[in-house]
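As structure tokens, the structure follows; a few thoughts come after it.
Residue numbering begins at 1 within each chain, and the chains themselves are lettered A, B, C, D, E and F in the order written.
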């Protein structure tokens, strides 16, 4: 068993604002992240896949295929988008945690179809904050 | 003469959309950056100041003061904001070029007042793109 | 279960010198790190917390609160300090290993009080060396 | 139990080309990596070791010794070499996966001899791709 | 006048070997870089362009166009290639200095045709070494 | 004319404390940097040299020689040292500005002796602060 990771990125706008709360409560909990006119980030996405090495290629998965998959299924959906407005099935709170799980749910079955297993979604919102999700 | 640089950052939403153009023309020129619902970035800002060393401190400027100045005058204005909607006097096209000049115009006189000279505003929009402005 | 990490930093002086050994033995084992007049580092600290997502916020923990906690309980204690002289309860050998465990012991109960669980302290002493401690 | 990691690096040429396949099949699977005249990378190697802290030193292992070991046993073998031509016992496909396992097999017994345990070989081929191997 | 920089990259093999010298002299001057079976690097390329801002776009140049130009004219020529064997018109010594000038000579006229001026080619061979060329 | 840069590093302790001032004044100006028991940093040093390319080597200077020079003349003097106590001829205020000039004065004549010209000393004290000195 060996683990291989591919980095991709996307840039998006979002806000953290719970519509069932007052504006005061939103500001108290989310601070500047509640700005009603949005803010945004350069997200860095690390997708870790595990599996056995194919002796003919030396690969767990072909990184060209993995990169193409992530760009088509994740980056095209999220890049240069508003995570609150433009993305179907995104949870109402597009926190880094929820975006990471959203990405896991897209990629896990498609990586299974490549004869490998998704191990981890690691998502940086800024250089100082990141989330890791292992599917459970 | 010696040069000292302080890095700060801010996260903001923006879009590149020329309102005097058709949507087709905007998409042709700005591509995904024209998304009407915004996108965003983690901006990294490098402010370079030049001057003579004060022999009593060993400093051109006190970096605590320079950092406080940049945070108060620039980051509070731009951080977690929508550059198109939330920022007074921002040019209608908040390209990295125009944001860098906007920051220069705020900081140059205030750094002069610290007995130093603003030399360069270097602004990263992403890890792959940055602008430098030297005031002329 | 999801994992979230916050990066903070502190700059400190230290030396590695075992007072029960001769100077020769200290130099043989610790090399330049035994310099009696100290040296220092820019430490980068990654605190990883795990827990369940609060559906109202999308958060495991509020990163503002986590950042405030780390800065108050760890950075104020270690930043711009001499790890051998200025820090109560620091082990006599302030190796990266021992500093990481010192930080774990401060943060683990306080993160429990935020309804989350401290998962890992990752501490970089230089760009080329880091330690990870998982509490056991 | 605590984990400590040392980063080293080496620069090498390689190609991915399965000699039992046609040139077309090699190009279809490996793309530009199959270029018969080679290409190359700056590899970054992270070696993670685990063990108990020696109370006299505060160390799991002495990083000077660990660094010397990695440089002598791995970097001297791989640095400024052609991974396909110059390295004894390298698998015929010098993919990042196979190079990581090659390094594990060199270092695991030698780290055991330092009274610690090799935990992970993490090998970056580029800034966007890395492999992790845990020995099983 | 404002300056904008775009980062691209390519991975290549090369060696430094002066064919008019003895092998001893090559080894004395170039050390491991003279390995006859090649070695390689992940090159990072920063292309800085200067010009006036187009008020309709806020751009000196459209970064999409600049990126496309660099990828087509430089990266396709150098990426996953052997700089000594595969690249027409490359000087016989593919040092970082000579590769940077080679890239300048390709890009300078094509950037002029975009109504901007090439200012600097900055080329990293490793994280620790880079060259800058300003065209004179 | 072409410019080549080599990165090296050193780790050191220092404090900023003007002995002709009161402790109150030192604390007001230097803040935590005045801690009497020292603090420290991982310094990153970028040495930029300019010159003409030697057509036989493709080099401005041989980077092996430049690296050896910097390590011997600068890093051995500053690495794992206390900049206030251990370094002959260091100004009494070892600010980043003064350390950069100190390094310039060591290296400029020795680089001249390599038939090249020292262009810039760039010294990072932290990831957020750096100084550049061009010799005048």
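By our rule, a residue touches a chain if its C-beta (ideal position, glycine included) is under 8 Å from a C-beta of that chain, and two chains touch if they have at least 3 such contacts.
Keep in mind that this is a model prediction, so the values were computed, not measured.
**Student:** Both chain D and chain F are touched by which chains?
**Tutor:** Output, common partners of chain D and chain F: C, E.
**Student:** Would you mind checking the shortest number of contact hops between chain B and chain E?
**Tutor:** Tracing touching chains, the least step count from chain B to chain E comes to 1.
**Student:** If we define chain centres by averaging CA atoms, which chain lands farthest from chain D? Would you check?
**Tutor:** B
**Student:** Quick one: which chain's Cα centre is the longest way from chain E's?
**Tutor:** Between chain E and every other chain, the largest centroid distance is to C.
**Student:** Counting in whole Å, what is the centre-to-centre distance of chain C and chain D, each centre being its mean C-alpha position?
**Tutor:** Between these chains, centre-to-centre, one finds 28 Å.
**Student:** Which integer distance in Å separates the CA centroid of chain C from that of chain E?
**Tutor:** Averaging C-alpha atoms per chain gives centres 41 Å apart.
**Student:** Of all residues in chain F, which are in touch with two or more distinct other chains?
**Tutor:** Those would be 31, 127.
**Student:** For this structure, enumerate the chain pairs that meet the touch criterion.
**Tutor:** A-B, A-C, A-D, B-E, B-F, C-D, C-F, D-E, E-F
**Student:** For chain E, which residues are in contact with chain B within the complex?
**Tutor:** So the residues of chain E in touch with chain B come to 1-8, 48, 53, 55-60, 62-64.
**Student:** Which bits of chain C are touching chain F when the two form their complex?
**Tutor:** 9, 11-14, 32-33, 35, 37-42, 79-82, 85-86, 126-127
**Student:** Can you name the residues of chain A that touch chain C in the complex?
**Tutor:** Chain A reaches chain C through residues 16, 18, 20-21, 29-31, 91, 93-98, 100-101, 127-134, 136.
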